[in-house]
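Below you will find the structure I want to go over with you.
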Amino acid sequence: MIVVLKPNLEPAEVEKVIAEVVKLGYEPRPIHGNVQTVIAAIGDENTHQSLETLASWPQVEHVHRVQKRYKLVSREVKKGADKDTIVKVHGQEIGAGKKFCFMAGPCSVESEEQLLATAKAVKAQGATFLRGGAYKPRTSPYEFQGLAKEGLRLLAQAAKEYDLGIVTEVLSERDVELVAAYSDILQIGARNAQNFSLITEAARSGKTILLKRGMSMKIEEWLLAAEYVLAHGNPNVLLCERGIRTFETYTRNTLDLGAVAAIKKESHLPVIIDPSQGCGRADMVLELCKAAVALNADGLLIEVHPNPAEAWSDGQQQVDFNLYAKLVAELKPFVTAVGRPL
Amino acid sequence: MIVVLKPNLEPAEVEKVIAEVVKLGYEPRPIHGNVQTVIAAIGDENTHQSLETLASWPQVEHVHRVQKRYKLVSREVKKGADKDTIVKVHGQEIGAGKKFCFMAGPCSVESEEQLLATAKAVKAQGATFLRGGAYKPRTSPYEFQGLAKEGLRLLAQAAKEYDLGIVTEVLSERDVELVAAYSDILQIGARNAQNFSLITEAARSGKTILLKRGMSMKIEEWLLAAEYVLAHGNPNVLLCERGIRTFETYTRNTLDLGAVAAIKKESHLPVIIDPSQGCGRADMVLELCKAAVALNADGLLIEVHPNPAEAWSDGQQQVDFNLYAKLVAELKPFVTAVGRPL
Amino acid sequence: MIVVLKPNLEPAEVEKVIAEVVKLGYEPRPIHGNVQTVIAAIGDENTHQSLETLASWPQVEHVHRVQKRYKLVSREVKKGADKDTIVKVHGQEIGAGKKFCFMAGPCSVESEEQLLATAKAVKAQGATFLRGGAYKPRTSPYEFQGLAKEGLRLLAQAAKEYDLGIVTEVLSERDVELVAAYSDILQIGARNAQNFSLITEAARSGKTILLKRGMSMKIEEWLLAAEYVLAHGNPNVLLCERGIRTFETYTRNTLDLGAVAAIKKESHLPVIIDPSQGCGRADMVLELCKAAVALNADGLLIEVHPNPAEAWSDGQQQVDFNLYAKLVAELKPFVTAVGRPL
Amino acid sequence: MIVVLKPNLEPAEVEKVIAEVVKLGYEPRPIHGNVQTVIAAIGDENTHQSLETLASWPQVEHVHRVQKRYKLVSREVKKGADKDTIVKVHGQEIGAGKKFCFMAGPCSVESEEQLLATAKAVKAQGATFLRGGAYKPRTSPYEFQGLAKEGLRLLAQAAKEYDLGIVTEVLSERDVELVAAYSDILQIGARNAQNFSLITEAARSGKTILLKRGMSMKIEEWLLAAEYVLAHGNPNVLLCERGIRTFETYTRNTLDLGAVAAIKKESHLPVIIDPSQGCGRADMVLELCKAAVALNADGLLIEVHPNPAEAWSDGQQQVDFNLYAKLVAELKPFVTAVGRPL
């Protein structure tokens, strides 16, 4: 830790801070600069109490951490040949430059007809996972909350018929076991991105976790949420960028495509992009997908619906079958450009 | 709903949209303006599907909702004498200009000694509720996660000894029953502000719910989260503003004090301010409290610790006993100025 | 400066960084911690090049500044009796707990009738400065751009008739001389808060500068913009918080009332609050004013119009004469509570 | 305009609003819905006063605009063969799928040696424009402010020697004539993105304007700033996305790559991406460039420096010659994938 003191402190005041640094278990190295003193405090920041509490003292200007707060998800822990995690799920390999992964399907599971038609359409375009919400976190209690178990059953039926893996969101710790029984990948949504009870429970299921970034989550916080999964013994995490909340109103969220590059620098985990939530408008999805591929994301999670205008949730951001087919076709040159099999 | 069409559409295209509006159960009233057509769609927006899905059509520029999405929490539902909700809990009345409510205590419950000393100190300054976290949602899995049940026991002991109500956070649906058994007010934290499974479970306990605003939650979304509580039969909600996430780094969050005025306009529910999380620095808490009182907030939730520098969590934002006593003393003229008993 | 190196660097790599630190004029003090090395670099950060450039090297994780970047505006430069700046303008003293200052008037100067009526109304309620825009920075080129010189003339006429000082915005370096000739306080608007050419030119006029915070300006950046004024020999700066841009859409901006406390901690300069821009809706202005007073702001800049619905700009946030009178009356107990004369 | 009234208004109150709508020049069409009345107000929103002022009335809930506020920059004005603007400057064509344009050079012009070396290096990699700041808008008055006219002279020398066009920022209305004499493209920086005096003056020079997006500028506001240029008779505008300000601190700004798609939908103007400012760290620039190309941006503005660690400004985000060469090489497959000549 680095403890920056206020300018022009009396030596006795500096000593008080040094004494507290010692008391809290660190070895202090004071450096007396031109205007103010800085105390470098040597010690493992992940096992000792943070010295950030010292900022409550009038002698202290700032406290900076030195060490990274995440370990298991960090790039440093993986070296050599398998420096990127490859998540193996439903016969697919995701990450490390492997085949680009398409996860597609409706925002909500609405009916057998809707889901089977969608599964067929996306499978025909090469998708390997079917997405679809059976449990929906809705801003208002008066909005459609999902078909629940019946939705899971329909997902299983469609996935079986078209040989697709299933990605679906789990909202409650109590549903983890049930949802895990029906699906291949458990999605933790943006609203639960720091619901550590749910994340931990989902991690323990052993299923692959698709962890969406929270609406106002910093990169570091997102990686630390993933760290919860790994720290509970589950290495299979897909980080999913789905747009952050900013002042812009043209789009529903601002898709932080640069997060792909940031995560690839910091972590060995695969990154998936959700362009549908990311912009909230169907007419921008295709272009954002191209950027996701170019940035070497490992896959896409795309909302597809037979008739978006009549969708029971978020129709404005769902693409129809024609647009989905066009999208997959137009992405091919970019997948090739990044050197991946499609 | 208002459906704004693109400029210069062919009449046949306008007709298609009108037909879809009818199909979705609304009565369309097209208005042909100078440049473009607007379709006013008459119907109850809270029982029909939203027409926002029509934004996926190329003919449609924008869709605006007309009706408010919240009902039970809205000011419109309460008229006359009891137009503001008064939450009655632990012998206190909160809201509607009643006695200003002080909720104070440590960020985390750490030990019997720490908690009893704090309870004594805040009680001496007129606090009526003891706050303290037994379950802590920590950004990193390696940080102190709270004393759990032992923390609840200590809260109960301290509250009994000093005749204080208890406010404490619940993180898991599975803990709701236990936490409710020990406390008067269940806190739903910012990270769970749209964890509707937890909110619903907490609502069903019948306990008063202190619902913190999420880090990037709009006023409307916050009210809709409270609507979940009321819609599940629990009218006792305290809305707690605790700072929103912005670009500013001088403070941990930006305390949106104007939210007090906004909520008072929109809703009958009491509003509590948490200045500690709100700014994340002990040296600004006192000033923010003055503003909260002046804005006619109904109470404060303040972090107080015997020795903030050695706190196990968030020491930098906790005030010590001296500062807390000073704070309460300096607030008195403002409480008087808003016409409340202290 | 503090240069944090990457973990587990080879000693030769550490040496390269140390050599560069020396080359750039700092005295390096390496501290070898558990996982990584930190180099404390001693030297005046305001005369040497910033070492933040070293972040471009692969060996470097982070670089932190130690010293504050502002000097003349900082609290440290003023000690003792006159530790707060008192700006003396138009016979008034602003700052340091002096009489609370009301600056009021229309968003735009529209006509003689409008301006004289407003000047009369605000003077009757104790305002000492008349605000009004003669040059308007409008988002669209098709919106009313202000009456320009005729607006200045009307301001001078109204101010003379009612013995008020004038606050008005200047948009162009070329207009500084003219605007300064007609006014007491030159307003630099939010859109020009980092237009250093204009700020410098305005500073040189010798007039008091009311410096609005930019829409997404950090506290530090705002103080540095004020530093430009002081560094050009003009000590008379009023810092004006007018709302920052956030994700919230209920209000036009989010008024960062905590900025009053932050500025008072960091600087000796007076702080003015603009609640009209701050929330963008007339029905919240009164409540925000109470908070501003409680936080010990030194004055208010309020938009007042005889008939807001027919205002030529921003009518939705302007209060009419009745509401203005109510506002001033309701603020009195709070002004008393902070111990200021009204 | 759409005026949404409060629920359950008395008819007389509705009539008052209707009368005001008439008075302000619109033709009112009231629609009486289930809960509340909506008044569609027919009239040209760009020539009449906005009815948004009616929001100051207690009867009014919301006011929505219907028409777009920009005209000349909008996609609607260009139809047929030349539906995208092609900016012709220094013998190059920018926009409409023409050759991808590389603008590269140092953040600041520092010396003849630095600039000539950089010009040579970027020319060798196919850049057609040399960027470099002679006038620098610096957050602190104590930071390097640019070489001013000497910087312009050096730019001209380097550009001539290597046959490059010049892009350079202008900060002051008074410098427009001088800067225009030395350069091909006048850059309006993010801090001046709503400095309409400067924008207008620059527009009048007839030079191509590279208009950076302001730090917290909405898409609509950015287009309206460009509308100022076109409305002053200058059709040659390049819109440059350079990152917006968000809560994220891992990067200096959040590059809103989706803005390329948004602008292409709304406008016929070319879009340039500045990845250097966009992320503020040299180690992410290459990846962001790939995304920019994939999104069909028309060019890149990249900061390149012979020795970033010793740069006089923003060294952490400048790439050196080796990285620049690698970047251009790695972009080629993506330029090909979007179907452009390199």
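Each chain carries a letter (A, B, C and D) given by its place in the written order, and its residues are counted from 1.
Here is the rule we go by: a residue touches a chain if its C-beta (ideal position, glycine included) is under 8 Å from a C-beta of that chain, and two chains touch if they have at least 3 such contacts.
Note that the structure is predicted; figures quoted are calculated from it, not measured.
In this assembly, the chain whose C-alpha centre lies farthest from subunit A is C. Should one ask which of B-C and A-B has more C-beta pairs in contact, the pair is A-B.
Here the spacing of subunit B and subunit D, counted between their Cα centres, is 38 Å.
Each chain gets one centre point, the mean of its Cα atoms, and the points for subunit A and subunit B are 25 Å apart. Rounded to a whole number, the gap between the C-alpha centres of subunit B and subunit C is 30 angstrom.
In subunit C, the residues that reach two or more other chains under the touch definition are 216, 245-247, 249, 283.
Interface residues of subunit B, counted against subunit D in their complex, comprise 2, 4, 7-8, 29, 31, 33-36, 38, 40, 42-44, 62, 64, 66-68, 76, 216, 245-247, 249.
Across the complex, subunit C is touched by residues 216, 218-220, 244, 246-251, 254-258, 260-262, 264-265, 278-279, 283-284, 287-288, 290-296, 333-334, 336-337 of subunit B.
Within the complex, the subunit A residues that touch subunit B are 20, 23-24, 46-47, 49, 52-58, 63, 69-70, 137-142, 171-174, 191-192, 194-198, 214-216, 221, 224, 227-228, 231-232, 245, 281-283, 308-312, 314-318, 320.
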